[in-house]
Amino acid sequence: MIEFRAVTKRFPDGTLAVTDLDLIIPPHQVTVFVGSSGSGKTTILRMINRMVDPTSGSVLIDDVDIATLEPVALRRSIGYVMQNSGLLPHRTVIDNIATVPLLDGVKRAEAHKRAYELMDVVGLERSLATRYPAQLSGGQQQRVGVARGLAADPNILLMDEPFGAVDPLVRAELQVELQRLQRELGKTVVFVTHDIDEAFLIGDQVVLFKPGGILAQAGPPAELLQHPADDFVTSFIDAGRPRSILR
Amino acid sequence: MIEFRAVTKRFPDGTLAVTDLDLIIPPHQVTVFVGSSGSGKTTILRMINRMVDPTSGSVLIDDVDIATLEPVALRRSIGYVMQNSGLLPHRTVIDNIATVPLLDGVKRAEAHKRAYELMDVVGLERSLATRYPAQLSGGQQQRVGVARGLAADPNILLMDEPFGAVDPLVRAELQVELQRLQRELGKTVVFVTHDIDEAFLIGDQVVLFKPGGILAQAGPPAELLQHPADDFVTSFIDAGRPRSILR
Amino acid sequence: ACSSGNPLDTSSSAAGGSSSGSSVVVGSAAFPENEILAYVYADALNQNGIKATVKPNIGQRDAYIAALKDGSIDLVPEYTGNLLQYFDAKATAQSSDDVYNALKTAVPSGYGVLAKAEAQDADSYNVTKAFSDQYGVKSLDDLKKVTIPLKVAANPEFQTRPYGIPGLKSEYGVTATLVPISDGGGPNTVKALTGGDVQLADIYSTTPAIKSENLVTLSDPKNMILAQNVVPLISDKAATDKVKAVLEKVQAALTTDDLIQMNTKSSVDKESADQIAKEWLKSKSLF
Amino acid sequence: MNWFAENWQQLLAYTAAHVGLSIPPIVVGFALSLPLGWLANRYRASRGILLSGAGILYAIPSLPLFVLLPSIIGTKILDPMNVEVALSLYALALMLRTTADGLAAVDGDVKLSATAVGYGAWRRFFGVELPLAGPVLLAGLRVVSVSTVSLVTIGSVIGVNSLGFYFLDGYQRDFPLEVWVGIVGTLIIALVFDGVLTLGGRLLMPWTTGRAARRAMRKVSMAAVNA
Amino acid sequence: MNPYTGAIAWLLDPAHWTGDGSIPQRLTEHILYCLITLVIAMIIAIPAGLYIGHTGRGRAIVVPFTGALRALPTLGLVILLALWLGLGLIPPLIALVVLAIPPILAGAYAGVESVDPVTRDAATATGFTAWGVLTRVEVPLALPLIVGGIRSATLQVIATWTVAAYLPLGGLGRFLYDGLPVRNYAEMLGGSILVILLALVVDGLFALTQRFVTPKGVIAGRVRDVRTPTRSTQRKERTWFAPEA
């Protein structure tokens, strides 16, 4: 379980990115952060692995205040997948997947063995292992990103718009894949997206943010759809819904 | 009316971008090109203002083969709006809007007067006139782009993913705005998008392309939805439609 | 024996059992004749089992004397008159022997000159035959008669040397401007003179072009230019008896004609300095 | 051809000297540019100071610097160190901006993701930022290498000999062949260095596809313009 | 007397400020040489650079060629030309023009190439002629880099004319080569100071010019923070759907 307690983040330049946030992210479920650009989703996500530290308030993982944890170690224990995959362009696919085990000092052969298994898990042909990221398609890169996120077998997986940069067809495929994976692995997934459709599709819980990192509403998709907390929620959901009169 | 007659385009590097295309674009309507990345939409659009010349076949505007027309003059007579607006970064907003009239030798004062009117038309505050493009938001830049496209009062307006780079909320706003504009102006609009939702929303006619610039189906939205020509059309429409089980 | 022409190879040595210490470094001024002489010394030393290397092209007198003083080099071929003037600007000696004797006392302690050679190579003022005829100029004194402004082609340091622009003014009352050509009175200086860019050129008396270009060397009635016998300037540290003995032998064999021939080989036949040095040593049976 | 037969030993020796004089400044300039380039990106003030300092350094003509160094660093006047130090300074001045730009141009997302998966600061610098700036650094290094090889020749004016010896000797003896030998020799050395660097880069950075490398090259050609 | 106080004394000595070979004379000569060199180099390199940048043609030849030009040792070239052409300004002038061409050329083509292809494309699509695209879009946007190229060429030319004074020439290099044989540090250092001052003043003027010629709209769009961008995801275009090719 991840818990935000009265968390506020003000950047040095004065931007108030997160405002007094209280939020509980349940374990073994997919929680989706959604909101328009600049609403603080990424900032909040990054507080979980201490890429950003709160200005005030605290973040707890399983009741431990993470401010007391060593950031580098914490990060290695949490999977992180981002848009454009964030792969290391100078490392082969297999080395990219094995990044964290290798950092942790696991032997190369062993780390690679595990990485090959992960390639199967995320549906990548093993023959791609010695390619460089630039030699993969966008969808393949994202799969590598997910595999890397899973390599240290973390309990928590943070995903920041992981499918934001791929083709709609590939995107649909990856969404299905993610759902399958999650059924098998049961990680605590925090997933950021712009796309309300995507949020409703894959989220067990959806958290909608207003600009300034203000929580608009949090709950299962059905709740947001049937009982929107306010006009903002309604209009946000409407903007993302099909607008064609034909449906 | 714009007519493609047996148009094929092969780029010097061998890429076959458009394959034997026959297509009629009716006047005073919005025709939307949709298709996945690399399916030749942009190439086909650019044939209309001779930014690309066909390898074989011909393009006619009001029954005149445009191969016989002088490209520069043709381009000035056709509005063109693109993703990322393509504004000139070293010119102010008002000068950007007045680009074509100024090129045509219209006096500065007069060109600016018309440009200010266009700012009203596209919903831009006149106070922004002396800013540079970099000082505007993405949505504002797109409005400037549309205004520039309209400045020479062209009959034809080509729009290449004009809203591809803006926020969903802003995007929805711009789509509404475009529909209003079109009701008022009644131009022949050719609009390129990736987004089947957007295509169905604003298109009087939707043209769906397969990779290689092969026409998959063309017709009013209802026709594509109710009588998809083949599996490709069905799956393309499905991928873009809401997938949440909740709806 | 084929001693290496390698100027940088510090282990270049013809004979095996060389002196145990570090090798003798022979420096040279930045003009070809001096470089050839440096090779003559070094090759002779090597031939006699004393390791010697050459550092050519150091620069002009101030530069290589500074290099001698800071120990970068041990030995350099010099010319008595100019060296005397360098150490003692007010020197009055004129004859070859007087200059040499004065020089021996003028050299600062820690350094010394070995025996002077018969060979002389002095700076000399030259004009074209046409110029000489037109203005009737045969000596430096005659220059006063020339009405046009005078330009002299010479190395840049000529601007300040006692036998250069200042001497011309003080000794002969002649005002001239310098056209600095950094080739040590070489072919470009000659070209400047014959091409009419300058009226006077400072050319070393051993330069073959003086004859071949039919130049007129102006006489120096006031002995502004001192006798210029070739002489090795050496640091005491390097001046072992063995080194001295070898160099004295070389000095004894060196004549002005030899210098002229060497210069011909260099500037006309384009032979390398080391090669010319070896050929000369062989011709004198010193190699 | 006769000339080569008679002078090949000397030519070889000067070529070796030229190579020997060229390598240290390139290495030193590059090595110093790394920490300083990093520092230049770290603070706004340090960037201004370092980059304008490099600009001023590069404006100093080489010859006076060669001559004055003995009085500044206490070397002997024929010490090759005078040339080495001066050329190292130039190499640094040239390289600094490129290194700073190269490090700054490393994709922010990649750095971020490296941090996110648990790279510490040092490890990230050496394991991610440095290799990724590689193509830009390499391109800068090539410019530095070429210009150093060419500048070494000026050392001959103060008696630190290289192939530049042939320029002065050829001038004094009115012997264009020697000058040609000096010029062509210098060009060949520069070319060989360039080849070695390019090859080394290809071996060390197998991930640089043609496209990426070309982009990096372009970046640097721009950086070099403003160096 | 240490060389620095000597140099100051040398600089301040009124005798060095009048007459033949005075500081003002050498300075004027130096500036004149540089101006002539740069004007010629610009006449050659700027049109060529614009052409390469605009058309993309010839890049494959010109880029390695300018690289090779950079490797050409100027002293050697100066001497070779002097042996060929004799005394006078022409031999070093040719060598210095050769030296000045690569940076100016690179500035011109890099400048034009640095213009966002989208902007260029949009300009063509709105009806600019090819000439119009070049003169009204590419050149204004490339101007900072073009001036940057000239700036770096100028600095090199200022520095290298001093080396070229090995030949019988005027200019500030005279002080170096005249001082060198007699190890007159005061004169050499004084001369160096003059060259450096000249370079710095000129560089400063260029910095101002470069700021002046940078289009206001470009300054407005420039990211002000010099630190590594950590918010890059925000600045990136919203690739909401599929990425552009």
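Per-chain numbering from 1; labels A, B, C, D and E assigned in written order.
The definition used in the following text is that a contact is a pair of C-beta atoms (placed from the backbone, for glycine too) under 8 Å apart; a residue touches a chain by one contact, two chains touch by 3 or more.
The UniProt protein names, listed by chain, are A, B = ATP-binding cassette domain-containing protein; D = ABC transporter permease subunit; E = ABC transporter permease.
Computed from a prediction, not measured in an experiment: that's the story for all the values here.
Listed here as common contacts of chain A and chain E (ABC transporter permease): B, D.
The two chains most heavily joined by C-beta contacts are D-E. Between chain C and chain E (ABC transporter permease) the centroid-to-centroid distance comes to 42 Å (mean Cα coordinates, whole Å).
Mean C-alpha positions place chain C and chain D at a centre distance of 39 Å. Mean C-alpha positions place chain D and chain E (ABC transporter permease) at a centre distance of 19 Å.
Multi-chain contact residues, meaning those touching two or more other chains, occur in chain A at positions 37, 82-84, 167-168, 194-195. For chain C, the set of residues touching two or more other chains reads 59, 63, 66, 182, 188, 191. Residue positions 107, 109, 112, 156-158, 168, 171, 174-175 of chain D each touch two or more of the other chains. For chain E (ABC transporter permease) in complex with chain B, the residues that touch the partner chain are 116, 118-119, 121-129, 132, 137, 140-141, 215-218, 220-222, 237-238, 240-245. Residue ranges on chain A touching chain B, taken from their complex, read 36-37, 167-169, 171-172, 175, 194-195, 197, 200-201, 221-222, 225, 236, 239-244, 246-247.
Partner chain E (ABC transporter permease) is touched in their complex by these residues of chain B: 36-38, 46, 49, 51, 72-73, 75-76, 80, 82-92, 99-100, 103, 131-135, 138, 148, 164-168, 194-195. Put simply, chain E (ABC transporter permease) touches chain D in their complex at residues 2-3, 63, 67-68, 70-77, 79-80, 82-84, 103, 106-107, 110, 113-114, 145, 148-149, 151-152, 155, 158-160, 162-163, 166, 173, 176, 180, 185, 188-189, 191-192, 195-196, 199-200, 203, 226-233. Touching chain D in their complex are the following residues of chain C: 4-9, 30-32, 35, 55-59, 63-64, 66-67, 70-73, 182-184, 186-188, 191, 266-267, 270-272, 274-275.
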